[in-house]
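Have a look at the structure below before the remarks.
As written, the chains take the letters A, B, C, D and E, and residue 1 is the first residue of each chain.
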Amino acid sequence: MKAKPVFYFLGTLLILFIVIPVFRMIFSVTPQEAGSALMEKELMGSVLLTLRASLWATLIALVLGIPLSFILARHHFFGKKVIEGLIDIPVVIPHTAAGIALLMVWGRESVFTKITGISIPGTEAAVSIGMLFVSLPFLINSVKEGFKMIDVRYEKTAVSLGASPWKAFTSVSLPMAKKSIISGSIMMWARGISEFGAVVILAYHPMTAPVLIFERFQNFGLDYAAPATVVLILITLVIFVILRAVGDKQ
Amino acid sequence: MKAKPVFYFLGTLLILFIVIPVFRMIFSVTPQEAGSALMEKELMGSVLLTLRASLWATLIALVLGIPLSFILARHHFFGKKVIEGLIDIPVVIPHTAAGIALLMVWGRESVFTKITGISIPGTEAAVSIGMLFVSLPFLINSVKEGFKMIDVRYEKTAVSLGASPWKAFTSVSLPMAKKSIISGSIMMWARGISEFGAVVILAYHPMTAPVLIFERFQNFGLDYAAPATVVLILITLVIFVILRAVGDKQ
Amino acid sequence: MIHLDKVYKNYGDFQIQDLSLEVGTGEYFVILGPSGAGKTLLLEMMAGLEVPDSGHINGLEKRRIGLIYQDYMLFPHMNVFENIAYGLTIRKEDKQKINTQVQEVSQQLGIAGLLSRNIHTLSGGEKQRVAIARAMVMRPEVYLLDEPTAALDLSTKIQIQRMILELHKKDQPTVIHVTHDFEEALAMGDRIGLLFSGQLIQNDTPEKVFNHPVSKKAANFLGYKNVFSGRIKDHLLNINGIDITTPEKQAEKAYIAVRSNDIILSKARLESSARNAFSGRVIKGIKRTNHVEMIVDIGVWLYVDITYQSFREMPLDPGSRIWVTFKTSAVKVFLH
Amino acid sequence: MIHLDKVYKNYGDFQIQDLSLEVGTGEYFVILGPSGAGKTLLLEMMAGLEVPDSGHINGLEKRRIGLIYQDYMLFPHMNVFENIAYGLTIRKEDKQKINTQVQEVSQQLGIAGLLSRNIHTLSGGEKQRVAIARAMVMRPEVYLLDEPTAALDLSTKIQIQRMILELHKKDQPTVIHVTHDFEEALAMGDRIGLLFSGQLIQNDTPEKVFNHPVSKKAANFLGYKNVFSGRIKDHLLNINGIDITTPEKQAEKAYIAVRSNDIILSKARLESSARNAFSGRVIKGIKRTNHVEMIVDIGVWLYVDITYQSFREMPLDPGSRIWVTFKTSAVKVFLH
Amino acid sequence: KKDKQQELLVIHAGSLAVPFKHMADEFMKQYPDITVQRESAGSRTCARKITELNSPADVMASADSAVIQTLLIPQYADYCIDFTTNEMVIMHTKRSRYSDVINADNWSEVLLRDDVWYGHSDPNADPCGYRTMLCWKLAEMHYEKPGLFDELVKGCPEKNIRPKEVDLLALLESGELDYIFIYRSVAEQHRGELILLPDEINLKSSEMTDLYKQVSVELTGKKPGETIVRTGAPMVYGITVPKTAAHPELGVKFVSFVLSEKGQKIMEQNGQPEIIPLRVDHFEKLQKELKSFFRKK
């Protein structure tokens, strides 16, 4: 079906709304500046850290979250609505508040630290925890919708062909939900990368890219923060487009 | 199909990961404190402002974003992957950077203000713009997936029954995608509510709830920030659960 | 043996009503019923996908079940080969063996050329054959088939029916086969259960089911074209002035049905023991592939199937006078 | 008039090949073909849902088209009434009128009781009837029907076929009806196009299509059960030692086909003009609803359909000796 | 060798970010087995991190020694060393309206022009904010323009106020604001254009303590509803080793370094000259190593 011209018009408005600020920022940086930012060890280190920590968060969320999504998609039980509501809380909770709440649980005074003796804040683990918390709902919801779309009879068919429920899950449900899982993971990963508020409270160091950008901006102004921002945007954008392309191929 | 116990175990871990920090925060506040926070004009004013501004952002995103999502779901054209990547940028861009980028475009020096003479920063409109920018991708992606799931032949059938393409869109595509639209809107709205970084640069006043909470924390400490946080969480949680329940009924 | 005991399930507008049924091991049981009778729902309960509100289903636990859905349920993320091989792969058979067995089954079903195809490129009929192959390759003890030939053209259909029958003869699995096609039921079933609006109204051999329908509705559904109602008195039912002799002696209100191929047409009155002989006028003849369907007015319209040969030999132009004869025993009587 | 001119479309493994076709206004045209022949794809092109790679389709622009999909495409967010009323609502008819028309159509189709139902609670057959109703209520100029009765049981099917025919007689819309059921094609079409593997191999009246199949494949598909191949010399084709007289004089390799109801069984040799008369032995008889299918061994196996009456009157137990007769003109010959 | 590496955590006001970066680099040169980690935030947030978020910071440096005095002492810290100063300036860019005409004398007149927008940080959230208020009050006295303070307040709508200096900088750099009131150190680090104000109003000079004392502003207190009064005083940066420090001995080392000649030189290079003489409250609670800096003077 052909979309009407007005659709194109409205859609273009929205794209411009996003693209103009981004491009203004990108073009405020000269290629030389961007190039030297790319060479800069501290910046690249923190960009890599950011990508890595968010990847960890996403992987943890996949391992723990896919089963949860599956349960939420397939089972009806008392209080399910409440659990779904709870899972959405990190989306609404102000990021600073999220950081504080996490610090209460994972901080120096927490039961966790008291028992294990391991201090989380200020480590890469803390960064991942902050990212995990704020971006988890995006993965869970996407994967849940993916599972919901699969006719339960596919799984039943697998079972009738001798598969154990576990095998039916891995060989049928999981691959059939692959697209949702991939796109949910990408969103979660991306959301994790951008997080500042919660992460900065849990771990100022090691410095993630958003924290570094913030610090540069605070100390030296826009001229120094912009190249770092542009580098982060470009790197993640490239990874994004590649991931999406791979995801769509599947 | 019955999920295996290990699924429940993993799922429970994840729920605890979210719930424990949230509950620690909630239970650090006495009912009296929460009650008096509810009575407090300044706080409730900023909570209402937050809900309202995010609602505006969501409504704008719906009007402009549904057509865009439809185009992206239905049409294949050169550069589509790039446009989809651009739409995802706000997810990855650090929030402070987003705020600065927006200020460049919507500020006093912007073409917009020069033409219209309207100054945006520091107004409720600015709050909405900040929220719109950071949370837009969540709506677009959800609605796009929704449209993709609709067999194009439903629309063709409608056209063969005499509907104009526009009518086919409103009477078939739109209601069939309703669930995705509703759940995308809820996510976007929630994401908008929690935004701090981008909003605080565009508008410190009027104060949104996350800004107010941050300010309270900074000036008066946790004891004063926590009740406000809890009130915000509880109010949005209740609205959330209700909206989701309504959305699922549809 | 599979045993359903007073199975009841409420779906709001529709109920499966206290359905009891026994299917012997190795039996070929056909559940026959019109669209919307609840066939699919019943099969889903037997497969354990739906749990009855009350009643029990025994004999299907821990049996290898080959379930074939009306809408195939082929795994869209696997190609045809992988779909068919699925069960064997799960069973961890070795690759060589899987290959051989898949090849064999798909040859049998005429889909050997499709093995590397994506599911979404298959036509409806191709999909159905893949679904059959996927179950068949597992050699299940019980087949649950939901209209396994509905999407196939006649020659493929016959071919597949034959294949299923051969399979049944060879391995003797229990088969529960759901269909709305009474030709198929007649050709395939050891026994037929007739399902109408969630109720099993008859459960008997094909012969009995076809020759002794239990109600007007059943007769209609089973292809009886001549169905009339009236009052029976002294073995006679009068409609529009003609008296039809029936096996039933007396009934205030009854239905009668006569198969269109139990009626004989002749130029002159036949001297025979058949009690029902009427003179009529040809309305028209409709050519079918295997026979000609004649409509004859004897006061009421009667449908009579004759061979092309007879059609050519008799003067059957519209308007011609003709005699119609059928035996009393060909008249089936039911009260509702 | 609808005109397809050398329509070509490539789907990778499958092609619609330079298909040309004309369908007159008001004509009832049936596209008949086995599963996977490309019937749905062809219909989709005619409906404008797919654009040919080359060639043209004319005569469908700006006509009111009633499209009925094989898989219904009922709007899941509307109930049955709203689905049927959809087109009328779009046309902004007044409520009273919509109500009347929907009621009328759904009465005709036997779905009046379902009007307030949700689509997902309908059985396959019910869905199909709703889809037909939704198109019918718009009184389209051209119907494109994709296997409109495939999911229906026989009596419902016949009822709907009759309804579509009546509709066609009354309003004279052009109908393009896709099916794999040759009984349906024969009963309904003014003309039949035979589609095999994306090619239109025959386009003729039903009579011609059935009595003069153009190839062995077509004959098989059209229900010819007796198909043999061999070399024809002086009108004789020899298989397993018997000589069958054919209308064709000479052919290096040819196929012949004989309909099972063009063959007559008799106790003694018939004195007739029929050239083909063979003595054989009964293998077995298979009871069908309308006839008995006899298998007779005359050197090759022949399938012969006879009436139940003849079956009862003749000694046809397995092993009995019997005579088989058919005319030379009943022998269809084709070279591929 | 790596595991011998000790980590020293310094929390400091945002305005100290640049000098403290140098400081940390030099410090690590001197003590190669110590790694310095810095976190910068608003001075009050820094304090909150220690009091409420259990930060194990070893050093806390505030842009206002009052923050340490009121929020940390006595529970979380024993003393506060005043170690450097700063001054209020007006920062602008070349694009700012009338940037070619504005100077230390006519600034108030230029700022009050209709098309000129200026801003400051939130007095309740940021010391830089209330110092701006004090600065305006002093200007009213100094230029003898009664009502100037009120006019300046009126001329700066709420939307031009941001919680921290850094947010303010975003507004300036994006052209949203023409002028902002900010610390000289920050302005110089950001390489902005700046207008130096007379000592009578810039809150730098210790000699003018008595003059500064004459003005005051009311701020929100420790609880909402409560107010506290801030009286004008020379700008003094405080530093301390919190009692909750994970490695107090390292903290003391770092503070010693800051107070040393080398450290003070770094401060001076960044526009923040040392206070002479150094002052401390609760001298008796100072660690041994630190006491020496005071005995000397």
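Everything that follows uses one rule, which is that a contact is a pair of C-beta atoms (placed from the backbone, for glycine too) under 8 Å apart; a residue touches a chain by one contact, two chains touch by 3 or more.
Given the structure is predicted, the values throughout are model-derived calculations rather than measurements.
Visitor: By label order, what chains touch chain A and chain E together?
Guide: B
Visitor: Using the touch rule from the top, point out the two chains with the most contacting C-beta pairs.
Guide: Of all chain pairs, the one joined by the most C-beta contacts is A-B.
Visitor: Indicate the whole-number Å distance between the mean C-alpha point of chain B and the mean C-alpha point of chain C.
Guide: 56
Visitor: Per the centroid of Cα atoms for each chain, what is the distance between chain A and chain B, given in Å?
Guide: 15
Visitor: Based only on mean CA positions, could you tell me how far chain D sits from chain E in angstrom?
Guide: 91
Visitor: What parts of chain B, by residue number, touch at least two of the other chains?
Guide: 96, 100, 104, 152, 156, 214, 217, 222 - these are the residues of chain B that touch more than one other chain.
Visitor: Do you know which chain E residues sit against two or more other chains?
Guide: Within chain E, the residues that touch at least two other chains are 53, 170, 173-174.
Visitor: Which pairs of chains touch one another in this structure?
Guide: Contacting pairs: A-B, A-C, A-E, B-D, B-E, C-D.
Visitor: Of all residues in chain B, which touch chain E in the complex?
Guide: Residues in contact with chain E: 96, 99-100, 103-104, 107-109, 121-123, 200-201, 203-205, 211, 214-222, 224.
Visitor: Sort out for me which residues of chain B touch chain A in the complex.
Guide: 1-4, 6-8, 10-11, 13-15, 17-22, 24-25, 28, 61, 63-65, 67-68, 70-71, 74-75, 81-98, 100-102, 104-105, 132-133, 136-138, 140-141, 145, 149, 152, 155-156, 159, 165-166, 168-169, 180, 183, 186-187, 190-191, 193-197, 209-210, 213-214, 217, 222, 225, 229, 232-233, 236-237, 240-241, 244-245
Visitor: Provide the residue numbers of chain E that touch chain A in the complex, in ascending order.
Guide: 9, 14, 17-18, 21, 37, 39-40, 53-56, 165-166, 169-170, 173-174, 189-192
Visitor: Mind listing the chain D positions that touch chain B in their complex?
Guide: These residues of chain D touch chain B: 47-49, 64-67, 69, 73, 75-77, 86-87, 90-91, 134-135, 138.
Visitor: In their complex, what parts of chain E are in touch with chain B?
Guide: Chain E reaches chain B through residues 42, 44-45, 48, 51-53, 95, 117, 122, 124-125, 157-163, 167, 170-171, 173-176, 220, 222-224.
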